[in-house]
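For reference, the structures are reproduced in the following blocks.
Both complexes below contain subunit A, partnered by subunit B and then by subunit C.
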Partner chain A sequence: MLVASSPHTIGPVSVQQVMFRVWLATLPGFAALIWFFGWGYLINALLAVSTALVAEAIILRLRRRPILFFLTDGSAVLTAWLLALALPPLAPWWIPVIGALAAIVFAKHLYGGLGNNPFNPAMVGYAVLLVSFPVEMTTRWGMPAALASEAHSLAEAAQVIFAGLRVEQTLVDGMTMATPLDVYKTETALTSAAVVREDPLFSAGWRLYGWEWVSLLYLLGGVVLIWQRVISWHTPVAVLASLALLALVFSWAGDQYMPIDLHLLGGATMLGAFFIATDPVSSATSNRGKLIYGAGIGVLIYVIRTWGNYPDAVAFAVLLMNFAAPLIDHYTRPRAYGEQRT
Partner chain B sequence: MNLMRLLRGQAAEPGWFDFPGGIHPPDNKAQSLQTPIAEFPLQAQYVVPVNQHIGALAVPCVTVGDQVLTGQIIAEAAGFISAPAHAPTSGTVTAIEDRPVPHPSGLTVTCIVIQADGQDTWRPRAPWPDWPARSHADLLQRLQEAGVTGLGGASFPTAVKLAADRAHIDTLVVNGAECEPYITADQALIRERAPTLYRGIEVVHKLYDFQRILIGIEDNKPDAIAALHAGLQALPETLRQRCEIRVVPTRYPSGGERQLIWLLTGREVPSGGLPMDLGMLCHNVGTLAAVADAVIEDRPLISRITTLTGDHLRRQGNIEVRLGTSIDALLAWAGLDTAPERLIMGGPMMGFALNEPGLPLVKATNCLLVPTEQELPTPPPAKPCIRCGHCEQVCPASLLPQQLMWFAQSREWDKAEQHRLFDCIECGACAYVCPSHIPLVQYYRAAKGTIHREKAEHQQAERARIRFEARQARLEQEAAEKEARRQQRAQAAKARQSESATAVDKASDPVSEAVERAKAKRTGEQGTPNTAPTANLSAEQLQARLDQQRDRLAKAEAKLADAAPEHRKAMQMTVSKLQQQIQKTEAQLQKAES
Partner chain C sequence: MTDSFSTITRNGLWNNNPALVQLLGLCPLLAVSGTVVNALGLGLATLAVLMGSNLAVSLIRHYVSDAVRLPAFVMIIASLVTCAEMLMRAFTYELYQILGIFIPLIVTNCAILGRADGFARKNRPPAALLDGLMMGLGFAAVLVLLGAVRELIGQGTLFANMHLLFGEAAHGWVWRPLDDYPNFLFAVLPPGAFVITGLLIALKNAIDQGMAARRASEPLVRGSKRVRVTGKIN
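The block that comes next holds the complex of A and B.
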């Protein structure tokens, strides 16, 4: 007979399911990305995921861990997937590959594998790329479909990604641009906010041509995750609230500070708040801790976007708060039932 | 204030207060509620263990070959926290020997084996239809002799709980929540025997004169709730006004004593404390029914209602069984189809697996669960913790289960304690939701056990140190006295030599001075002055007594380590009392030796 300690029953949720549900929740946003910015995202994602799986398998082998047992937990897939969502869709093929390698090998396995990484692997991969290949990482964003002179096909996207600069320059130029955050920042520096807002990228009724849709669909996916209790609401709400608050407070000088809608919908904010900052492994644990952790990310996103040199700040904000997570945990242990109030 | 409640507009007069965490496992109660409570046929043999309760083991008071009658005491309570055991039926005592019993530690314990004569002849009984006229002391004594213990699973002697200081207890919490999946013993009892339950409440009310009697029950038991309401109408007006039936939402572990108190009153039992500290008593419905039977019918606790459930059983349901019945016989009766993978006493969340055949049913057996692998699959091998925090979201004690696990793994006991390991009620909610299927509770249990053991060892070392230092002080004193005597002799010799006329030095007397010094040192170190009355015992007798007391202390400490959190305080009292006694004896021994 089998003797085990209680409980003798397990809940319906396994690690695979957690990963799978998070992955599912990114799909609406992902579909919008492809819809608005072309097939590059799909190619990126496939490249990143297969690299991650191969790297994970090899490392598990080297570390003499059961390969299938860990490979099937879905964590490597999800890491690579989230990384791919954050990469410029028309970056050369080796960008997602290197990013995924950095994420799996350095950020995950060098720290001991699943559950032991102090930093969010996807964001480590992203940061490594951004620091090492700033040009590829900032100029190869997809041109919103509505702005592009003609819609580009899967084949064209593949050409740009795999053949890189050896294809006609016009093809690359016709398909890529910087992110709206970047555009806004560089252009306001040259002219004024009022002028910039005339730009078709920002001026249509539903501006940014696709970015809001993507962000809102991420938001939707995130809300579903909260509703399914895969993630708790504390981190995303804190990220968004602190970022929105700062954006509101500073919005009096339009020429210097980005408006709130651009902050919330224009960049990777929603992806970061719901899918990156909530990465369980590297965040704070208690509910109060998550609020502080999330608020810290929101503030850092604002600070780096406004006063920093990088176009988007989610990755660095998350990584910086990863540093602080253990400290936050230390100071936010909840009061236990029956424990004296202090 | 809970947001959902506000939204639902229930903010005004809450029927319940939301506790943090909790889970909703499938309740699996329907299958054992199809039939009324059955009666298990009389068996040829019963095996009655002497440790069916928390506290000191009962002491057998029959010998092999004795004829016993149903309900006759066959083992007497020993000590304050203890309960007697009774003959479940009439027959002959055929053996008194160590046998395996259902206990998490897998202990063997003295059991009294009775060969039934098939007559089931009762000992003379004296029902008290006039029980309200009886004195408190009479009622309590009757309860004590009836061997009633908490029937919710913990088996704390009820008479001890009821003997508590009566002055500031004003609320009775009746626990009918039964939140654990599969178990329906309480629900069946309320459904069919609500009047008996109310009788029990009346008896306890007589002892305490409560201001409020809160009956908590989960909302997935409509039949039982209806029975409660019907039963309430039969109560005398004054009592009825103090009774409130509070239907609480179904959520595991609402039936945990601390959680239920929070649900019903919004107050927290202090950490390490008891409901008594809040002026409350908490009793399970089964216990109260047993109280009524014991006091009014003079029927001691010789049977209980047990749920037989799990898909390996053809006949699932509740059954009233005499204590000491063979569990195997019960399962065979219920149509156990094969040799099961698992046999669980209690529910799937907090029960424990029985690993031996041939165990007897005891007072704590509220459920026997024989699940198939499809029903309750064995957890797959654990993955590493992914720090998802799901465990923390469901912890009803607001702990950080994940952190506790890390500390337990890395053996950082002090940190585990700082993170309130001992406030963990081992409900298993965290392990249930853990997507990595980490056996969290197992870690906590192991950690608690080790910490208790280490503390006990530390205390022992501490006592040894005190003993050693006392001895040291004594030796010093002796040395000082000797030295003083030597000096005195030398001085006297000198005095004689010089033939000085002056008398012996009168200003200072080195002997008494040294004695004083040593004495001061000793009392300072021991903390307790040596005022214990020395019974005129020899050193050997004292030593024997000391050994005996240390023995008992070790036993009590071991038990303390195993004790459920709600009984820990009581056990701690016993332990500290024993420690005091030992100190006293040690002091006496020292005196006797010196």
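The block that comes next holds the complex of A and C.
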């Protein structure tokens, strides 16, 4: 049985161009991240990308592949970049380094390199980090600029990232906090949704103190990618629709379940739907398959966020559906003209 | 079925290593190899059971018919495991509590039944005993190596809690290269065990390939008496 495999783009678009366009589409969201949450994201991204390039070069040499050819295709850079966007900005320096190593060495090259990885490398890196370092991964998120007493500089962010625990704890505490999803979940467990909504994180500003702008800019970048036909609309629409539908169904009990705006804009939903789930290698291939694949991710995001222990769920949802992608492909393979229905 | 003793030794320790080549007994291998002391405890218990079962099976090989051999072997292994469990409870009680269900589970370790049915049933007692010793040592060596790597990466220590096995004198054996090492939970958890086992297997294959390549490049000496035994699985 043969299933149409990647690359899925039509026309003479090189891998390099695809990677570059996807990278470009993340830039508005990235700029918003830095604007609202400080320079940590830039340092993270530089650390992750440089680690990924070095690891890629070493592994390519060990595998006796053309180094420059694969290094310049941009895939390693994009993987590390997406990973850095998902990491807490003020995590210690070894977090992005270990994540990028896990993504490039284990998730990508041990499975055969570009185009052969069954799992999304960036999300494997993220999952390894989240499982290994739960404290660093959940408490080192940047405090929104509007909430922090004073804006911190690039130098201060670098100090927190590189000097780690030896920095004064007050500096770290003044710059970090948990994500809105995390705060909402832990606080509604103690009080009610109405009380939590008065938390400055949720009540002031437009909605979520910066997170909503980041998410909306990711949405914008994703729409541009669809318009440029770099990705198809099927996966992101299915992810967002199934997640929104579930959030609506459960919205009657506001004290127990997160509201829909928090689900769509509060976490990594937009990043996941447009940039992670659409990875052509590890997702389903046919359009019908992509719809099923995306819907599965949306449902899993909701289920893990609501009934699981982790604050966000995009990485696990994507990895679980990566497992299912070959099965989905098997059942959604388009029939050739004249082929009998089996 | 008359392997020389050196062949049996080489098979057990390297060529046909139960953990790296046969991939048997993976359940305890992955579950309790979090630290050196756990790995060593379970490795020694498995080694003892494997030697005992191989010897016993070899002794009764003429008196048990093929039809009922497997239940008989399992009975032998189960009684030996019960002995090992009681011994551990008597002498290393804390380690016994840490290893928990994985000591009784030695019964289901396929490496032991595999050696009983695959080797001891067809060989004389001395060879069977040596096979049990070498297979057990090979298994225990991989277990300890895996435990050391996982302990070092996962907790940043080596030989922690060795007093559980060697008494109070071993309290100071723990080696801690970095003072404020953040625990790398991935290596402690089962996925890390899978990954590191995979890397060890890859390392073994790489060494084998390197040796084969070197052997192939050596000029053949005409008339030499060298005998090569290649990849024979009993």
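In the analysis below, the second predicted complex is superposed on the first by the 321 of 342 C-alpha atoms of A that agree within 3 Å, B and C clash if a C-alpha of one lies under 4 Å from a C-alpha of the other, contacts with A are read in each partner's own complex, and residues count from 1 in each chain.
Convention: contacts are C-beta pairs under 8 Å (C-beta built on N, C-alpha and C of every residue); 3 or more make two chains touch, one makes a residue touch a chain.
These numbers come from a predicted model, not from an experiment.
After overlaying the two complexes on the shared chain, residue contacts for A:F106 are found with subunit C alone; subunit B is out of touch. Of the two partner chains placed by superposition, only subunit B is touched by A:R333; subunit C is not.
When the two complexes are overlaid on their common chain A, residue A:V131 makes contact with subunit C while staying clear of subunit B.
The contact sets of subunit A with subunit B and with subunit C never meet. Across the interface of their complex, subunit C is touched by residues 92, 98, 106, 128, 131-134, 136, 165 of subunit A.
On subunit C, the positions that touch subunit A within their shared complex are 180, 182-187, 189, 191, 195. Looking at the complex, you find that subunit A touches subunit B at residues 1-11, 13-15, 17-18, 69-70, 73, 75, 113-116, 229, 232, 280-283, 285-287, 290, 329, 333-340. Of all residues in subunit B, those touching subunit A in their complex are 19-20, 23, 25, 181, 258, 262, 268-273, 339-344, 346, 348-353, 355, 369, 371, 376-381, 383-390, 392-393, 396-400, 402-403, 419-420, 423, 426, 428, 431-437, 439, 441-442, 445.
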